[in-house]
Structures are given as C-alpha cells and as structure tokens.
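Structures follow.
Two complexes, one shared chain (chain A), two partners (chain B, chain C).
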Partner chain A sequence: MHQIACHECDLIHDIPPMPTRGAACCVRCGAVLLRAQANSIDRTIAWTTAGLVLYVVAVTFPFLAMRSGSIIQETALLTGIQQLYSQGIYMLAFLVLLTCILIPLGQMLGLLYIFIPLKLNVRVKFAIPVFRLFQHFKPWSMMEIYMLGILIAMVKLGKMATIVPGLAVIAFGLLIFVLNFAITAVDSHMVWERLGGES
Partner chain B sequence: MVSCHDCHLLSRMPKISGQQVAHCPRCGVVLHQRKPNSIMRTWALVITAMIFYVPANVLPMTVTSALGTTQADTIMSGVIYFIHSGSWEIALVVFVASIFIPFLKFIIIIYLLLSVQFKSIKRPRDRTILYRITGAVGRWSMVDIFVVTILIALVQLGFLANIAAGPAAIYFATMVVITMVAAESFDPRLIWDVVDEKHE
Partner chain C sequence: MNEGNSEMNHVEQAPKAQVQTKRSFSIIWVVPIIALLIGGWLTFKAMSEKGPVITITFETADGLEAGKTKIKFKDVVVGKVTAIDLSEDRSGVVVTVEMSRNAEAYMTDKTQFWVVRARVAAGEVSGLGTLLSGAYIGCNPSTEGAKSKHYKGLEKPPMITVGMPGSHYMLKSAELGSLDRGSPVYYRGIKVGQVVGYGFDENRDGVNIKVFVHAPFNEKVLQNTRFWNASGIDLTMDATGIKMDTQSLISIMLGGVAFDLPKNQPSLAQAEKESTFSLYTDRASIEEKTYTIKRYYKLIFDQNVRGLSPGAPVEMKGIRIGEVVDVKLEINKETQKILIPVLIMMEPERIDILVTAKGVVTNARGKKEELEETGDDQYDMARAIKNGLRAQLKTGNLLTGQLYIDVDIYPDAPPVKAELDGAYPIIPTMPTPLEQIADSVSRIVKKVEAIPFDKIGKDLQLAIKSLTATLDEFKALSGNINQEMVPKINNALSRLEEAMDGVKATLGPDSALNYNARQVTSEMALSIRSMRSLLEYLERDPQALLLGKEGDKK
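Let's turn to the complex of A and B:
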C-alpha cells in the first residue's frame, strides 16, 4: 500500500520512504499520518514487560497512608473503588476500575499478544480485533489523570494529616511513563501491514 | 476510494445499495466514507452533556462529616476552599479541569457543528486544530472524580472524619464520558468536504 488518506481532512498522500526517526504529516491540515519507529517490536515488548511488573507492584502493595496523630489509615490502589462500591455508587466504581485498572492492564496484555507473535513470526487468532480494540481504548486509559488526582488530594488533606506514599504509588508513577513509552514505541503502520499481509 | 478508519487502508468502494455494507479487505471492519450520522449524533451527545453539566455543578460533589457536623461541597465550593486555604494553584487546576474545560468543549464542538452545517469555508485548518485540541484535552476533566475517589479511600475514620461522594459525582462522570464520545463522533473531514465543494 503506497497511499494513505489523512484521517482528519481526507487528502490522499503518497507514502514517502520514512527515515529512522520523524513523522509524516498531512500537507493540508498538519495531522500526523505516520510516525517512524525504530525497532518497534523489541522496544514495545521490553517496555510492556517492565510495565506489567510495575503494575503488579502498584496493585498489590500499600498505595497511600494517611497519618493524623496516632491514627494511620492505609489504602491500596483498589481501596477507593471499594469505597465507591460500598457507598452504593456502582457506576462510578466501575468507571474508575475500568479507566485506571482494567484498561491499562488490557493495553499491556494486548500489546504482548500482538507483538510477541510478531517477534516470533507466528500467527495468532484474533490479532486484528485485539489491535483494533487497543487503538480504540487509548484515550480511556487515565492513569496519569489519577496521578494528578493524588497530588490534589494530598494538598487538600495536607492541612489536617500527613500523607505517606507507599511503594505502590511509586510503581504507579513509573508505570505511567513506562506504559507511555510502550505505546509510543508501537508502529501501527508496520503492525497493520504485518497483520493484514498474513491473512 | 475509501479509507478504513481503523487500519487506514485505502480501498475502492464497491457500488452498494440500501442495507448492504462494505468491509475493509484488511481488517474486516465496516467501511464508511464518513462517520455515520456524525452531525446528528454529535449534537445529541453535546446537548445531553450540557444537560448533565447542570446537576454536576449544582449538586454536592463531596459530603464531609467531622465530629458530628456535615458539610456538602460542590465543585465550585471546593475551588473556593483551595483559594482560601492558600493553594490557589490547585484551585486553578481544579477550576480549569472541572468547570472550564467541559464548558470550552461544549462551545468548540457546537462551533464546529455550526460551521459545517452553515457551510463555512473559513479557516479550515484552524478548525481542524480546534477539533484535535478538544479531543485531547477532554479526558483531563475526570481528575475531580479521581480526587473524590482518593479522598473517600483515605478519610474513613468513623465519627472523627468521614468523606462520602455526593450525587454530583455520577452526573459529572457521565458528562465527561459523553463529551469524550461527542468529540470522537464528530468527523473533521466534514469541514474539508465543504471547502472542497466550494472550490469545484
């Protein structure tokens, strides 16, 4: 396939030979058409694996603790969601669970499901629907927004208590960067050519 | 020629009629020249979101009970609390994310819709950039929901101090979700369709 249509203004472009780094942008509206990714497969697998390790730490270890005098309240990443659930606000509990726990995990598992077979040059079933879902759910992964929420909550409670970050919150912060690196390492053009060509 | 919205493959659109659909030869998804019913769906979503914006701001977002007294806080009263307690930077962040950005999204999306429906050919590239900004920035409004989630996780000390989520939370979260979907349902290529038409 040597032509591509801009997804924002529908102008058809001939695909140029891509340099190792850089992006091809639409000449009319400036939208990014293609981004060159060196070593996409290796980098994606590496970052995603690191991300999974961080994810396990972030979900299992203590997240934040609030100390006021002699009272210590320790929480995990899932505690807030459990609280929403026990207060009866099921939809909100599910929404936070989805955007901060399930979708990031799904992204990482999905990336491994696609990229490991690419590395090993084997075919797997459902690779195309998985990659489509991965692309669709990108804006719904909101871990970095959760991080900002933590900072704001820390300021709000800082007057009356000390907030003590646990190991999990450090892992969570690192995970945000790692997952970001993993997603930007994905060369979607290359993936589609490989997935499409094999079927 | 039609471009697949998922895998970006350009393929020749076959002649189809009525109920038939064409599928992308590479990824199998249904092909559309433009996002189906983009204008009507976007209008419906943005109006619904605007309706939800009202209880999201009027009803309380958090209910704090401390030693017997109860205090209900809306998003705005939370912002004012931050100003009074000296953290005006946080007040600004919360105000921008929870009140300003949704409002801005409504205005931009409605502007984009009207500009296409009234067949404007002015500044299409700037309008496309507005579309991009709207899509990218909308999800950050969710920050207030996460703040509430963390607060109610931490402050559960029984009679001493206790925070619960207020009714505004669900309206606000729904509004953010709907605006995100609304921005996604608008097809920016419609802007350029008008420009191309007028040039012919």
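Let's turn to the complex of A and C:
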C-alpha cells in the first residue's frame, strides 16, 4: 500500500491494490491518477519491437522520389540529413539527426533494455538511469514534426515536381503511431515500483 | 459530510480510489509479429529484386555518378550505377551496375551499353534531356549469346535498338568516304534507313559498312539492288562537262548511301537479311557494270595527248561505246620516234550490230557466241578498218581541255593494213581536226614565204625614183605660174574694185536714187492709209457711194 499525489490537485491518495485493466482516479478532481495497464510490459515490448522493425524499414528504404521532367531525385531519411550537412547547415542537420533518428532509436532501445529484463525478472545495471533518460528525452522525439514537414513539402513542391512517396514514408508514419502506443503502454508507476522495490 | 471527513482524515486514512475495469488486449503480440512479417517480406522483396550485378568499362566516367546514374532501356530504368572505380591499368573506368531482377534474361555478351549524353550529330539532336538530368547509361538488350557479367561500354551509342522492324545489310567498300554512323540511307531521295556501323573487313583491306533499312522499305532491297555512295556533292568533270549530283542537303554534310535497281533490270526476289552488297562509288557506276563483254584495242598516236586520261570516253558518232584504259609513252631508241600507244576498251554490247546472214537479222547479243567461236570478231574489225574505221583524238570540252577518242568510218581515208600489237588489234588513227588546221596553216605559211619580197622591194625603189622626177617637173611648172599669172590677176581684181565703187555711189544710202525711192514709198503709204479709211467708211455706210457723205447733206 502506497500513496500518490494527484498531479492536478495534489490530493494525496492511497492506492489500493489495482485490478488489471483498471484506472485510479482522484476523488476530488476526477483526474486519472494512474492506469493499471494490463500487460504493460508485454504491450510495451510488442509495440517497441514493431516500432524497431518499422524504424529499420524507414531508414533503409527510399523515402521520397522527386521527379521533375527527367530529373529524378531519390532520397532516403539519412541522405536528407547528409544533404543538409553538405549544404553547410550543420546545426539543422544535427538537430534532425538527433530528433528523428537517434532519439527514437534510443527510446526504443532503452525501452527494450528496461522491459525485457522486467519481463524475464532479471536485474540489469543502470536500469534506473536509463529509464530516467527515457523519460527525460520523451519530448525530444519529434518524428511527427518531421512528418509534418514532409507533408508540407509534398503539398508545396507538388506543383513543381512529381513526388513519389516511398515505402519508408509509410513506415515512418506508422512508426510515429507505434512509438506513441509503446510509450503510452509504459506504466511508469509500475516500472518505478519494480525498479525501486528491487533496488 | 463525507467530503469534509475525507478532507480532514486524508493523512491518516485516504479514501479508496475508484477502480475501473478495462477489457484485456492480450493479442498485443500480433502487432510486432505483423510488423516483423511486413518488414521481413519487404526485405525479402528488396533482396530478391536485386538483379545481377555487372561491371561495364568505359573510357571516361564523364557525367556518371555512383548511386544516381540509371541504366535505361527505352527510357525505362533497368538498373543503377552503384560504384565507379578506375580500372586497374587506369586506362578507363569500371562502372559497377546493379541491374533489376528481370534484366537477368538479357545479361548476355551481345547486350550493349553506352553512355547517353547530349549529342548533336548526324543530322539529329539526341539526349537533350541529359543536359538537365545528367547522363545515363543506355542499353540495347539482346537475349542471344552467352551470359556475361563484364561488359565493354560503347563510346558512341549504336543507332538501332532491338525490336525495330527492318533489316540490316552489309556493304563492302574500298573506303569509308564521308560516311559515318547515322548517315542516311536513301531510296529515291527519301530517307529509309541509316548507317549503323562500320569497320574493317577481316584482312583490313576494305571497309564493311552496316546499314539498317526500316520496314517496309527493306522490301525494296532486292537481290540485284545496287547501293552507291551518295555522299556530299558528286562533282565529276569529264569530256561531257561538269556534272553535279547530290541527294539532299543533309547528305552533303553527312554523306549518305542510296540504293536502287539499275535501269532496265528485272526485279528479283527480296534480298535476305544481313546480305552483303558492294558499295558503288556513284550513281553512274551502278549502271555501267551491266556490260560483260569487253574488247580491247590499241591506238597509236604520235601527237600530244594532253587531256586524255584513263576513263576518257570512246565515242562513235557521239555515243559512248567504251573508254580509255591506259595511256603510255614509247620511244623507239633507234629511230628516235615517239609514239603514244593508247589502250581502249570497247563494249560491243553497247552497239546493236545488225548482221544480215541469210536474211536473218540478229543483234550483237544474239550473235555473240558465234563471233567468239569463229573468231570473226577480228575479221569484222579488219573489214571495218578496210572500210575506213579510224580513231581520232577530239576535244570534248574546250574549257577543261579534256580529250576523248572518236571512232568513225572515213570512207576516203588512206588504206591501212590491219595489224596486231601483242594481243590487241590496232585501230589506225587519224590526226585531230585541229592538227589538220595546223597543217593547212603551215602550207599557207610556206606559200607566203615563197613570195619574192626582195625583188618587189627593188622595183618599188625604182618606181619611187621616177615618181620623184615627175614631182620635180611639176614643181617647175608651178614656179612659172607664180611669176606670170599672179600680177595679171591682181590687176584684174583692182579694176573690179573700181567698178564696184561706182555702183556703190549710185546705189548707196546717201545716193539720190535711194532718197527718191524712200519718198515715193512714204507717199504711197499715205495714200494707202487714206484709201483704207475710205474703204472702212464705205463698209459702214455703203449708201454714201450714192448719197454722198452724211455730214455733207446736213
């Protein structure tokens, strides 16, 4: 039996043992205090694995092909960053690389690093700092913004060139959702409980 | 109550949170499995779509870019350049190409690759799109031949891509001339194909030119069709004058090949694909070779043959019957006589010889065998010579000085015995008309020389002397005239002057006669005036004649 403060009204609650698939709500303001995620570990691992597969597809397959007349420019995710870099916009290239490539990958790998041992009831080193980092970097994953940028570019450039979306675009779009599912599937309360309880 | 209670007691006893139940979602593992399946399938597809990897060597990688340059056939991408390296001996570049999966079938050693760049040549502009998009590698796939992984790229694009209807033909020629890849092939002035390639024959003695004729015009290439080089401007200068022949403006610049049937030739069956023809040098030469029988004769001239060259026509009454084959110079060492033997070739088939034998008239062709068997060809020639057959050098063209040989029958020519010079019968020659003129001029000169100008000169001198004497006498006579006649004439003249003075005094302006005459004249004028006024009055008033002046009445 432990207590939790409502993040809306700071009312301290005692959390009763939760049934699976249940949500604890604040008695004063009705905010959801925590959700007892059914199979949180399984679901996180599942979504993250799916995300990794999509990630690999998104990175390796051709992303967009722009065709204007007989000029065909085919790009992949990484070549776009390479283009930015070669044009001398180092900061932007670095930012895109970080927010769209490295952080999502780090997030997924981190989740797997924490959840697979949890699933298997094994203890690993640095689980707590890794999870803290994961929580910390959550807002830095900006694949949605990247996707938005691509959509805008497709609409704007549509008049100048024919844009042929590649497989990677679909994979990338799916990855955004899958990664979100994975992150929402994370029952951080439970994770802290288990990591903290065991430490 | 309840609310206050909970608020007050929240430290010791927090209320129990509400618990909501939610449906289970245990099939969550399907998600990564689907993702894995799709990912796996995509990867498998990508791997299996990877076609054969081949290498092509080029001289230069100009315009090629690894990862970007495409291999295209009919503008469809069939592969991609993945790497460009220098060849080991650095004489060229090795381009590694990843072909698409379905390219496996035509990865044979007959398949050709070349770099398509913007090209302005052969009367057409191609590959302009590459100016913007960069070069690409064209390919001409062929399923025949052995499988291959390494290719030698062509530096120039081949002209025909597989699958165009038409036929290829091989033309043999002594030299390429102005032909080039892409030079047009004409049939009656319309472009029906092009030169697709050329190269030496096996011995490198001649040139094989490969042409492609589009369907359906390849039906017009028959077994007896002749191809000729229609390149540029065909300027021929011979005894018939200057002749210019061209096919089209493009062929002037690029050269070209034309084909047609020789005149008066029956149409044979269509020629097989890939058949070999010989390439004639010009249009005229395709017609000439139709005469198979050739007779050689020798003419011996002792005059200047400047302007007579091999190939000059031999004509009879202005119709070509053969040509000059060879012109030589011979000097007889003993007699120091210079002779010019000229070998000519006559084609008897050009002449329809009418032979009347037992009432049957046949032409040369019909009589040919018999002539050759009995050998009375020579007999005929001997008879013709006896009848006055003579050869003459004549000027074909005054402008160029080209000579031709005229063969004709001169019945009053001095008789000559028919001879043989080696294997060739000799046709006797006659001097040129110009030479005849020169002869007569020299005869005239001789006659002029015979005139005794010395004697004439002496006589003339004598005559001049007597003429001088006559003139002297005449001079003496005129001296007499001066002394005696002139004073008398002067006297007569002065008397005449005196007489004239008298006349002047009588008739001059101050003479009485003149004065009187003036007086009379003025009086006459007065009377005429009064007469006129009288007449005017009478005209106005005729009754005055009877009644008198009106004024008088009053």
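Note that in this section the second predicted complex is superposed on the first by the 174 of 199 C-alpha atoms of A that agree within 3 Å, B and C clash if a C-alpha of one lies under 4 Å from a C-alpha of the other, contacts with A are read in each partner's own complex, and residues count from 1 in each chain.
We adopt the following convention: a residue touches a chain if its C-beta (ideal position, glycine included) is under 8 Å from a C-beta of that chain, and two chains touch if they have at least 3 such contacts.
All values derive from a computational prediction rather than experimental measurement.
Once chain A of one complex is fitted onto chain A of the other, the partner contacts of A:L109 are absent, as it touches neither chain B nor chain C.
With both structures placed on the common chain, the touch criterion links A:F61 to chain C but leaves chain B unconnected.
When both complexes are overlaid on chain A, the residue A:V53 reaches chain C alone and has no touch with chain B. When the shared chain is aligned, chain B and chain C each come close enough to touch A:Q3.
Looking at the shared chain after the overlay, A:I12 reaches both chain B and chain C. Within the superposed three-chain model, A:L167 lies in touch with chain C and out of touch with chain B [touch as defined at top]. Residue contacts after overlaying the shared chain place A:C25 against chain C, while chain B stays out of touching range.
For chain A, the partner with contacts to more residues, out of chain B and chain C, is B.
Looking at the shared chain after the overlay, A:R43 reaches chain C, while chain B stays out of its contact range.
Judged by the document's definition of touching, chain A residues 3, 11-12, 71 lie at the interface with chain B and also at the interface with chain C. Within the complex formed with chain A, the chain C residues making contact are 6, 10-11, 13-26, 28-29, 31-32, 34-36, 38-39, 42, 46, 70, 129-130, 132-133. Within the complex formed with chain A, the chain B residues making contact are 1, 3, 5-10, 26-29, 82, 85, 87, 90, 93-94, 124-125, 128-129, 131-132, 135, 139-140, 142-147, 149-157, 160-161, 164-165, 169-170, 173-174, 177, 180, 184, 188-189, 191-193. Chain A meets chain C in the complex at residues 3, 11-16, 18-27, 33, 35, 38-39, 42-43, 45-47, 49-51, 53-54, 56-57, 61, 69-72, 167, 178, 181.
Residue ranges on chain A touching chain B, taken from their complex, read 1, 3-5, 7-12, 28-31, 64, 66, 68, 71, 73, 75, 79-84, 87, 89, 91-92, 95-96, 99-100, 128, 132, 135, 139-140, 142, 145-146, 148-150, 152-153, 155-157, 159-160, 163, 189, 192, 195-196, 199.
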